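Have a look at the structure below before the remarks.
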């Protein structure tokens, strides 16, 4: 909890699914928060929880710390530097720190950082690990990069967002951490598909196998919350194969730039490309299981089992 | 805790590092346990905790349930069926259930199972997921296969061993689950090596990167307890590259038998072979990080950081 | 041509498709050849070309050099050591050299070699590189291993079989060369599938692309004679995916035994397994192209083009 | 041979190692050829063979067909469109066809093509398959793309350059063919390294193994002319690992653009990256053999054998 006497005045730009879940946690913790969303209706639930509605991003420039969750690099640039953006007010007011929690390119981030420096505003890159369900369960984390003193100022609020953040260095390094995280996630998903199909063809139900794996030292929140999809074949997208391919494109490009061979990630990249080529581009990347089963001559059916996703207990 | 009126009389054969840690948990829970080890000195700490010493495996044949933790398939066969083995007594006494927690071949297990059936003794295959430190921390798990009623009888005691066991079916299926688990573990280790080196070459310390990953949804007990090795380059073997190669040999043989392609596991198999070829066969398999760094033109040095291994809090 | 005065008396056991094409070449060169096949009808075309028919394998034991082309390890053992086999005569007659051109296991070959040694008969392992069309075109080759003096004696006749043989050493080393050859062949086939699909999706016909590649320094007889299948999608099996998988099983087992990592061969092994899993096990392994196209979202149609296979000109 | 009455007047820009070997072949065939090189000394040997020296690229604009062999995309743009380039003359004279035999990007080629169109000059993309030794042996080939009538006009001269060219379509398609060719070449080289090391660890000399493979249906000019390097470990660069990596960068980018998964090429890409990371970037890519041997725990020594490279017989 933040002491009343030094509580910062906060702002939030972009209250989509991720942003709303995150902002809600600040409100629950009693923070003074003003919110702006392009379509105001999506901000209303937060207003009902006590957020102050803002009519434009520019109105938020008087807040101490402004968080941003938007959909793309271009959206970030527009939200901060655009004609109606955060910095577009004529009065010279500016937040001390902007925390960008979106997944954007290092180039866009660096450009925004450089322009903000002219206003004396620090940018923290804070890409989020986890989807909206993870945030709601209080289990979100983030890598943070940028000026350390800005991090120290924002840390109490960042900590409220989930179960902890890690300061990883200056500049855009947090963007690379997010790419590494997603490369790792893709490899884990493919390997999980391989061993799950092997277990099943050996006579073990997917439910029993994944229960066992998730209890073991190898179990993670991720392998837990993917279990329902693997057992019951619900491939309703949380993150599509096409989006994962994009992260592998970027991650492997970063690896190439730094001259790091990635034999396993490279193979998984190709398997994701194959998944897209076989028509699963808009399905959840958990369809890697389907592709793997087809390659093993196995026709999957739902096990219609009651499988916990490990996210049901909300921490607050 | 087991109710006094129906508490089973237990036995334990093989009190090496793993066996001792596991048997200790049964004693702590108040079980009636007799123990036998080829070299009696290694059983003494358990005797001091209340275990009854046995002079031979055969003496344990009067116990209701006997657990076994030995080093190899041959050791299992000798311990159960050998001239001084568990079943070698002339009086026809026999345990109702034998629980084999060793890592042995499915063939050896099936042979023991078949011979035990003639005595009316059921065999549960119960390969353990986790090393001695994991057991000590109360975080061991196991897959169990064999007759379901034998499982029901042994379950209260199996549950005492760690944070849960999973019954996966008849016969030797638990052996396959263990192989799947270790294939997954090897892939995760290699992928972790790849992204850690990428993060480091991007300017992020291994400590910061792994802290961030371990907090995230991708963090597991495994990625946690490997962090000290990755950060401080302590490759004191917990599990050697050569042993991991053996598990990949067996796991990929099982995949071939069941006609399951394993593209990622197959590549990791070759990378482990390369690790052995480059002279790291007796090092911990975490040396995959070293190999990966060398392939990236990076010379690793210890970060001499204080990194938790996630196992310090002992559950009981 | 062999000088009349020192021409050896030759025998041939097994006149299937490969054996007939090879034996025919010896007859065309004027050799004194006796032939035996389990079903005599298949030997008749050779008899019409001048071969002497034998009523049993045992009848051939008086020949100087006997060639064998049979289907499996068991067939080889039966043909040589079986009750009606080559060495079953009671009179002690035995060939000086037996040349086994079959594809059999190193174990079977070593066993036959050891038993033959008791009769003073040398065994040459002579696994053939090429299919019947390649033999007919005079382009077959073989690796030879066994006692060098036996090789010197057989060499003039081995040379007649195609465009050259290579003595690679003692014992079963020729078997390993054949496995290496087939691993290489499988990798080349998969890579050819990858680049052909890339070329086609870039707007280049398979015919033009493969014509170009085959003219280039990368062109081989193999890439040439596979071109019609790739262009016109005729997957009539010359060598099935299942058979190629078997060679990869054996080749990778040899690599494991000798502790040689094979990253690329291992991936191709898995892709062949996937091909089998997707139902192409009985198709020619050129169906790797189909699998590759499907993974690229491409539906292949025959180009109905006139593509030379590079084998039309028969050398004699 | 070209009939005298309709023989075209030819020009050549860039007489480095490749260009000189190619131009020499036109001179040997009796063509009317003018040559220009930035440093005139390198053109002198051609002048001694009958070529007309030109003082600038611009002087060659009056020739019917001008061939170009330069080192990079920028060099091509300068040679054609630069201030002293081929098209820089004020008199409006222009060749009918320019044949670019360099390895340049599709983007640079398309830009040059578009600007040349304004002069009515056609551009043929004609990337060459083969190194200078291959050209000298008369075994060079090329893929050609661009306007078909320009190809028809240039074809007699293109044919003189080696053992045949293939017209693959409009635009820049020949550039893609070259990338496919080089991806295939890299995969073949890596696979050759794998099986050669396996053969050697099985007791077969590299010389015997490669002799056997090169005689077989798998043998190509490429596997032939790499044999001396593999046997005698002469890694004097003909094409460095770093350059091959660049071709894999481009080839895999093309594959990504066309959504073609390339599992085997992707792994080889990473192995080449590893080769660079281990310090072999400036060595010939045949050092893949060294890397493979090191991963197999094998220390290579030269076999000091007399190995033909298959290029000694010059075709004319």
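By letter and in written order, the chains are A, B, C and D; residue numbering begins at 1 in each of them.
Here, contacts are C-beta pairs under 8 Å (C-beta built on N, C-alpha and C of every residue); 3 or more make two chains touch, one makes a residue touch a chain.
In this text the structure is predicted, and so the values were computed from the model without any measurement.
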For the sequence-identical pair subunit B and subunit C, what is the superposition rotation angle on Cα atoms, to the nearest 5 degrees? 180
If you tally contacting C-beta pairs, which comes out ahead, A-B or B-D? Let me know. A-B
Taking each chain's mean CA coordinate, subunit B and subunit C are separated, in whole Å, by 46
What whole-Å value do you get for the distance between subunit A and subunit B if each is reduced to the mean of its CA atoms? 34
Whole-angstrom distance, CA centroid of subunit B to CA centroid of subunit D, is 56
Multi-chain contact sites of subunit D, meaning residues that touch two or more partners: 259-263, 267, 271, 273-274, 276-277, 295-298
Which of the residues in subunit D come into contact with subunit A in the complex? 249, 256, 259-263, 266-267, 269-271, 273-274, 276-277
The residues of subunit B that touch subunit D in their complex are 263, 267, 273-274, 276-279, 294-298
Interface residues, subunit D side, partner subunit C - complex: 129-130, 134, 139, 141, 143, 163-169, 171, 173, 176-177, 180-181, 183-185, 187-188, 190-192, 194-199, 201-205, 208-209, 211-213, 215-223, 225, 251, 254-255, 258-265, 267-268, 271, 292, 295-298
